[in-house]
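What follows is subunit A paired twice: with subunit B in the first complex and subunit C in the second.
Up next is the complex of A and B:
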């Protein structure tokens, strides 16, 4: 039984308007075999944008780790790695 | 046109949100001259020559956001705070909608085809054989183009087996469907306002951000601050622009200070009913063709470039106009602000007497960001009884208007409809003779933005994302993006 990867895409207004909206098209850019075994949801603001970290919006939480400056390419990479880490 | 997500659109949103944050804090007059320095700090890695030019650009973007006509009023010595005081004191002319920042313009060399080093100087030489003006010649072991003879038809590029021919366009010029972009003596961009239809395609195409819209948000902000009742009328395309549903969007607008929110889909229903009746009358009296009239950039196009279409264009008013009438009937003293994806709507609004302000989704989103309003977190506001006009929310999507009109006809079998989805030079050429060529049908829906209003210049997300959020299935997405269909 494979373990699911948990993806939470921030859909707070700030993330959404700075490119976060595009991440909702995850079916287009992540491997269908992988996305099938992921739990994806749009969630409210993690408040990551309000901390003074180096990374900016949009933010995504993958298996409880928050990543900033997210792009479709970066999301694909991290999700794919997380998937194989859990399903060796 | 540029992909909607790019450094320029992100920067624009940041400028808008920063200015609005100061405005809402009541500190804008004091902050405004510092904002270019806040956004472009000392350590910024510049994309232009240096941080000083970047700051100067931010200054121009703030001016455009204040609504200043940069071509008319380009006083470099005047501080932003003084501009801000002046716009508060006097009402600015809302038109033209677009303005240019000549220092941002890269003065792109004119549209040309060039042959790269990938040319193998082959034996077949299809470029040579297919060039209609004999502009190709061979020298130094490769093909060359005589730019004086070249008519930029692109034939050579099509036929080269090595893809060695590049087309270098001038993005603003090639995106303009009506040839309204020209270059001044120094090669910098200028808009010919006699020709411009305010579609906004140039501003979405320039990779330097040299063509910008003058925002009309400040008069709206002042309205919201005043004692007047202000009603927001929201374009059907708003569904899918923000996370959350329409009820939550309504709640968010009320948090911004709007007293009431009315869907323009309600007016779209009136447009549909009237247009259905008009179409029936026109067909019965023998008219060969009627076009829709809901797209304001198309209305401008007809007015400025296509006199032959004046008799063909439906006389029915737009959904915005009917919605404003509905609001005025109920609350005659309300100020009415249209919130939509469209720049040309501002031209339409100046002709109507009922609209007091027009802002875009983009500007609305910046207000939400500045006030830290998360649409999806809010408790839904009641939208009222939407049953009779719910289908008219589809006006935002290519083909939607036709569907709504046909549904409201007594006998829709007399109609053969088709659509023109997106405007470019070629389409304009076809429209010039549309009353003289064999007709594809008797009802044509014309949308200047490809895909419909969900792809307007004031939108925040790609049409595909918007359609997904509107619960569109993939089939609907494919249908909306089709160039032309018959039904």
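Up next is the complex of A and C:
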């Protein structure tokens, strides 16, 4: 039984306009076999934009860790790694 | 805000093959004097000539109704002024004038109703037809070519009352085709009661459309005359609450939620942070509905007890733009903006509760789009729905 990877994409205003909109097209750039075993949710602001200094929007939470400056390429990489880490 | 809403609307189909109608409907609201005038006029003949006659009649009737002059005297002036038809050597057009006055609290709605040669208007209380007579006045004009009878009525309208006014295109629909003598007043009456029984809260717009389409149907889908129907409907207003922005002081969060709970009507929460506050205090979960994806606005969310939960500024900007430009509904994508506009257009009164706290994340200069200021945006939204869609609005800041 494989464990699901939990992905939360911020759809707050600030994240959405700075690239979050592209992340919502996750079906287009992540491997379908992997995305099938992920739980993808939209969520409102994590308040990460106000607290973390270095990283900027858009933010995505993967298995309870918040990642900033997310791009489709980076998201694919992290999700794939997280998936194989959980399903060795 | 007023507790009663006067819903006036009409539908019209021109005579088959005509590009201009001989029936004219006009309405004018004068909120300062608490007066609404609705006029339906049918000009002699059809096409341009009839349109000129009917427009003249309707405009004069509208203007004269706002003057202190007696309605019966106005009728005389209108008939004296109409131009004479070259072929028929008469000047003629029918009219119905409803001069509606209400006091400032909007109760006690008095109608001064005048009819000349249009089919008798129908008066419905809920789905029951109310028979009415009215005093008949013979005008005795010097230039009259026939006996001119004006039927005058003064009465009070209550919540649930409808006054349905139509031209002879309705009562004569189907004459010689589907019905020997046309639809007739009795047929229309029966049809309207049936519609009202099935759908007691039908709007004026939908009701008149139903009647007009039925008349066209009876005419074999090629109207023999201009078909016009208008309806005056007194009802309780449909209300919508729009909550946007977190309160300036976090102590007011509870007050905001209390206001949301107490409001009766549709509820829209516009803003991610606002939704989180409400969700925390009312203990209801917010879930983002990713299926409503669009490139322009973030997806909408779902919360129990709320009719719509959306992201804030981007969605609002798009809503304001769409309403200001009067973009038709069928051109909109199936996203949060469409749902938002549907809710606004379905209501008569919109109340705004605007939080005045500034969102720090929006102050970042690297954001690629202009996010704007909430208060300016709400002011534009109010103007758009008041001017373009004739809704009432009110606002409070928190």
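Everything below uses one rule, namely that the second predicted complex is superposed on the first by the 87 of 88 C-alpha atoms of A that agree within 3 Å, B and C clash if a C-alpha of one lies under 4 Å from a C-alpha of the other, contacts with A are read in each partner's own complex, and residues count from 1 in each chain.
Going forward, a residue touches a chain if its C-beta (ideal position, glycine included) is under 8 Å from a C-beta of that chain, and two chains touch if they have at least 3 such contacts.
Being a predicted model, the structure only gives us computed values, none of them experimental.
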Message: After the overlay on subunit A, what do you see for subunit B versus subunit C, clash or fit?
response: clash
Contacts of A:13 with subunit B and subunit C, given as first, second, both or neither: both
Field: Comparison of subunit B and subunit C by subunit A residues contacted
entry: C
Query: Between subunit B (first) and subunit C (second), which does A:21 come into contact with in this model arrangement: first, second, both, or neither?
result: both
Query: Which partner does A:87 contact after superposing on A: first (subunit B), second (subunit C), both, neither?
result: neither
Query: Touching A:41, do we find subunit B (first), subunit C (second), both, or neither?
result: second
Query: Touching subunit B and also subunit C: which subunit A residues?
result: 11-14, 16-18, 21, 24-25, 42, 44-45
Message: Touching residues of subunit A toward subunit B in the complex: what are they?
response: 11-14, 16-19, 21-22, 24-25, 42, 44-45
Field: Residue ranges of subunit B touching subunit A (in the complex, touch as defined)
entry: 5, 10, 13, 242-244, 365-366, 368-369, 372-377, 460-462, 464-465, 468-469
Query: So in the complex, which bits of subunit A are touching subunit C?
result: 11-14, 16-18, 20-21, 24-25, 40-45, 49-50, 56-57
Message: For a test of understanding, state which residues of subunit C touch subunit A in their complex under the given definition.
response: 272-273, 275-276, 286-290, 293, 295, 298-299, 301, 311-314, 359-362, 364, 366-369, 371
